[in-house]
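Below: one structure in C-alpha cells.
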C-alpha cells in the first residue's frame, strides 16, 4: 500500500467521526419522536402515576435534554447502552448475544447473492438485448419486487415442511456447532438473498454495459485486443468499483430485511429483538439495537471506501 | 512534411472503394455514408474534412472495423495492402488493428482506461501483437513515450491517465497507437479538445512520426487550416459523400466543388477584416431528407437542372476526384480571392 | 403553424407522445392497466367483495370453492374479500409513505443543492448518517416511538425515505443550477425564488418522478413487512402483509393461504417497478436525442 | 444619458479585478488576477486566450455572473455591486452574454418563443401582446422562421439555437453583449453566418461587444481592439492590427504562430515558434512573469520581478520586461491574416 493510500485511509477514518456523532444524535433523538410524555407512553395506559415518575427518573427524562444526551453518550462510549425496561438487563449484552445469529444469515446471504449475481450480470451485459439478457433482467425485476419474507415462507413450506431437508425454525451457534448453524442459516439466507441477487445483477449489468460502450473500450478494440481480454481485464476492473458500492448498499438492505426473515424462521437475532422491544415500548433496547447496527454499517462503508481507494487510482488525488 | 507528389498509381496502402454505411435505428435503416472512395499511398498524409455530421468519423471507425456489428451495415471494400477488411473475420481483423492500422481519438481523457497506468496500456498493445517479454515491453513502451515527446518517459510510464495534462494524455494515446509501428494511423480530430499551442505540438509530433516511421496518416478534422498545415492531400465530405479529392495546394487555390469553395471562403482569417463573410446559405440536410441528385444543390449558387441527377465522382486529370457535373465550366474561388 | 394554436399543438403532441410511449413499451402499458384496475377495485371494494372482510363464519380454513373464491381464513373470513379490502390499505400506505418522503426530502434537497456551502455540508452529513441505518430497522424504531398502526408506520417509512430523496434532489439541483440557462436567466434579472420554480425545479424533477414510482413499490413491500410483523395494519382490518402473517401461523394446515396475498404484493410491486423503469428510459436525456 | 458627455465613459471599466475560487487544501485559484481594461461604446473588444487563461471568468465577471474578489467593475461609471439586489436585477439586464453552447443556454423545457420572451416576461413592463409581437419580430430579424416559435430547443440545429439566444438577448436592448466563444461550437459555414449577423446587429442597434474566443482568425476579423490573456492576466492589449501585425509579447507571438491557416504551402510561413511545455498551475503560478516558464527569451529578471506595462506604440501595451526590444517575428511572418485591406502576406505570392 502506498503512502498516498494510507493517507486517504486516515482521512476517511477522520470523516467517520462526525457521522458517528450524528448517529448518536439520531439514535438519541428517537425518543423525542414519542408524542406527549414519553414516560407515560412507555409506562402504558394503565400505569400508575408512581410508575410514570419512576420511569421518568430511570430514563433521566426529568433532566434537560442536553444532559440526557450527554448521559446517554457517556454510557455509550463505555459500552453501556442502558438497561431494558422489561427485563432490567443491560441492553448491550442482549444485543451482542443476538448479533451473531443475524450476522450469520446476512453474511451467508451476501456471499450467495454475489456468487450468483456476478455471473448473471456479466452474462446479461455481454448479450445485451438478446434472449439471455431478457431472461436475466426479468428474473432480476422479479427479485426486486418479491417480498423477502414471503419467499422465506414458501421455502419453509417446500423444503422444510414438505421435504424436511432443513429445519423450519431456530438457529444454532456458529462457534459451538458450525455445521448445524449453517444448516439452520441456509433457508433464511436464500430468502434474504433474493433481492440482493436482483439488485447486484441489475447494477452490474448496467455498469458493465456502460463500460463496454465507453470510449476507452473503443480504444482497446482499436489496438487489437480480443473481446475476452477487454471484458475480463478492463471491463471487470472498471466495474469492480460499482460492484463495491452496490455490495455496500445490499449489505445495508439485507441487514434491514432480516427483521422479517427472523420472524419467519423464529431466529433470535437483533431483528426480532427490535420488533419485540418496539412493540413493548422498550426504548433503551430499540436505541441500542439501532445504534449497534448503524455502527456496523458505518464500519462496512469505511471498509468499502478503503477498498475503493486501493482499487481506483483516481481516488488518491485528494 | 511528406512529398506531395506521391499519387502515382500502384500499390496503394489503403484503397477505399464505394464504402457505404447504414445504421439500424428505431425508424429503420438510415444510410449515413455512400460511395466513399479514396486511396492513401504508403507514407502519405491525407486530410478528411467535413462539417459535423458529414460522416467522416463514422468512415474512420468503419476503416478500423469498429462499428457495432449488430446495428450497422457496411457495403463496399476497404483494402489494406490488398486485403479487404470488410467481411474479414473478427480474429484476423483484430490482428491487423493496432499492428498495421491504428486509430487515435478526440477526447484523450475518455479514450484511455482510467484504472490502468499508461505503461500497462502501451505494453498491452505490444504484447497483443508481438512476442516480447514483460521487460522488453516496458523498454519499448518507454521508448514510444520518448518518441512522442513526453518528458521523463520512464516516470510517466507508471502514471495514470488522470495524472497527466490533456496534451500529455493525447501524446500517450499516440504512443499506444504507434508502439507496434503501424503502416496507417487514423487520427480522428486528435487536437480538437486541445489548445492551439498544444495542438501545434501534437501536430508536430504526428508529422514527425509519419516521416520517421514511414507511416501513412488519415487526418480527420473540421479545420481546414490544420489540413493545409499537415496533409499533402485533401478529401472533402459533405452529407455522407466524398465530394472532392485532390492535392491540398491545388484545392486551396482552385477548389473544384462549390462546397469546398464555400468552406474556404467563409474562413474569417482569410477574409478582409470586418467585411461580410461569404457564408454558405441554408444548412446540411437531415439524414432522412436528403435531396435527390446532388446533395449540395439546395445550398449551391451554381445549381442547374443537370444537378438534379445523381452526381458521379469524376476522376480529374490532375489526379483528383470531384462530384459535381459543372466542375469543368466553373471557375471557383479558393483562399486567394 | 400559428402561434395562437401553440397550446393546442403542444397538448396534442403530449398526448401522442403518451400513446407512443405505451405502444412502444408493452410492459409499462400492462402495468398501468393493472394499477388502474387495482385502483378502481379499491374504490369499489365494497361492491366487488362478496363478503364483509371482518365477517367471521364457522367455515374455518376452507379451500377455494364457489362460495369462497379463495377459501376462508382461520376465523372463517372470506379470503377474496379480505384481499380486495387489503388493496386500498396497501395503496394508501404506499402513497402516504412516498408523500411524506417527498414532503420532507424535497425542500431539504433543493435547499442544500441550491445554497451549497455549509448548509449543504450539514444536510449531506445528516443524510449520510440516516442512510447508514438499515431502513426497515429505522422504520420500526420510529414506528415504536410514534405508536403502532398503519398511518404511523407509513409516516415512519416516509421519514426513512426522505434522506434518499433529498440526496437525489440535491444532486439534481446542483446539476441544473450549474446549467448555462440558469446563468442566462440570472442575467435577465430573475429573482431567486423565480429561478428555482421556473427553471431549476422543472428540470431537476424528472429523476425524482422516476424514483418516486420505484419507491411506491418499496413502500408497498415495507408495508407488507411491517404489517407482517404486527406493526402496521392492526387486526381485524385486512392488509396483504397481515394476511400473510395469519397464513403463516396456519401454514402446516393450509399452506395455500399464503399464495393469494403474496402474489397480490408481488404483482403490484412489479407494476410500480415496471412503470418506474419505463419512465426512466423515457426521460433519459441520452435517449431523448433521437426523437 | 452619456450622449451629453463629451468624452464617452467606458461601457465597462474593469479595474484591477481578480476572481478567486477556493480549491481543496485551503488554497485559492486565481482565475482572473489583477486585470484592468476599458471597453468604449460601440466598440468590439476582443479577448483571446487559451483554456485556463481566465477569459471566460473575466467575461462572466463583466456581466456580474461572477463577483470580483478584488478590484471593481464599473458599468458606465456605476458599480453594480453598490446597488441593492433589486436594483441590480434591473440594472444587469443591460449587460448580456451569449454562451458558447447554445444548447445548454436554452431551457430544454421551454418553447423557443417562451425562451425569447422570458427576459420581457420577467418584468412584465409591456403588455403581453406587445411582448409576443416583439419576440416574433426579433426572431425574424435574426433569421428564424416563425415556424420555430412553438418548437423545443432539441428540434433545432446549433446555428438556429444560437440565433434564438441572440434574439433573446436583444429583447432587452442591451448596452453590452459578452460573446463567450459564441461561434466556437458551430461549423465553419454557420460560423460565418452568425459573425455576419453580429456585425449587422452592431450597426443596427449600436451594440458594444466583448468578444471572447480562442480563435485568432475570428477575433482578428471582428475586433477593434484586442487583449491577450495568459494564466489569469492580460499580457498584451492594443488595436487589433497592432497586436496581430506587430506583437510585442512573446506569448502573442507563439499564439499567432500556432494558429493553423488554410493557405497553400508556398504562401505559408515556415518559420514557427513552438511553445514548450504546458500551462503551469493556477494555484501556484510562476513568480515574476507568468509566461517565463515557456518563453523563448527568458532572462533571470523575469523570475524576479513582475513585468510592468510598457507602451510600445500609442495604445499598444505589453506586460513584458523587454517589450519592444525582443526580436519577435512580425505578424506577416507568423500569420498571414488580412487586416483592413493591406493584407499581410509573405513573399512569394503565387
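Points worth noting:
When the chains are written out, they are named A, B, C and D in that same order, and each has its own residue count from 1.
Definition applied: a residue touches a chain if its C-beta (ideal position, glycine included) is under 8 Å from a C-beta of that chain, and two chains touch if they have at least 3 such contacts.
All values reported here derive from a predicted model rather than from experimental measurement.
Any chain that touches chain B and also touches chain C is listed here: A, D.
For the pairs C-D and A-C, the count of C-beta pairs in contact is higher at A-C. Set against the Cα centre of chain D, the chain with the most distant centre is A. Rounded to whole angstrom, the centroid-to-centroid distance between chain A and chain D, based on C-alpha atoms, equals 55 Å.
Taking each chain's centre as the average of its CA atoms, chain C and chain D sit 50 Å apart.
Averaging Cα coordinates per chain places chain A and chain C 22 Å apart.
Averaged C-alpha coordinates give centres for chain B and chain D that are 31 Å from one another. For chain B, the set of residues that touch two or more other chains is empty. None of the residues of chain C touches two or more other chains. Residues 64, 66, 90-91, 94-99, 102-103, 105, 107, 110-117, 124-125, 128-129, 160, 162, 173, 176-177 of chain B touch chain A in their complex. Remark: chain A residues 18-19, 22-23, 26, 30-31, 33-35, 41, 141-142, 144-150, 153-154, 156-157, 161, 252-253, 255-257, 259-260, 263-264, 271, 274-275, 277-279, 281, 283, 286-287, 289-290, 293-294, 297-298, 301 touch chain C in the complex.
Residues of chain B touching chain D in their complex: 4, 51-52, 165, 167-168, 195-201, 203-204, 222-229, 248-249, 252-253, 262-264, 266-274, 276-280, 283-284, 335-336.
Against chain B, the residues of chain D that register as touching in their complex are 50-51, 157, 159-160, 187-193, 195-196, 199, 214-218, 220-222, 240-241, 254-255, 257-268, 272, 274-275, 278-279, 335, 337-341, 343, 349-350. On the side of chain C, the complex with chain D involves touching residues 1, 3, 6, 9-10, 179-181, 183-191, 194, 199, 202-203, 288-289.
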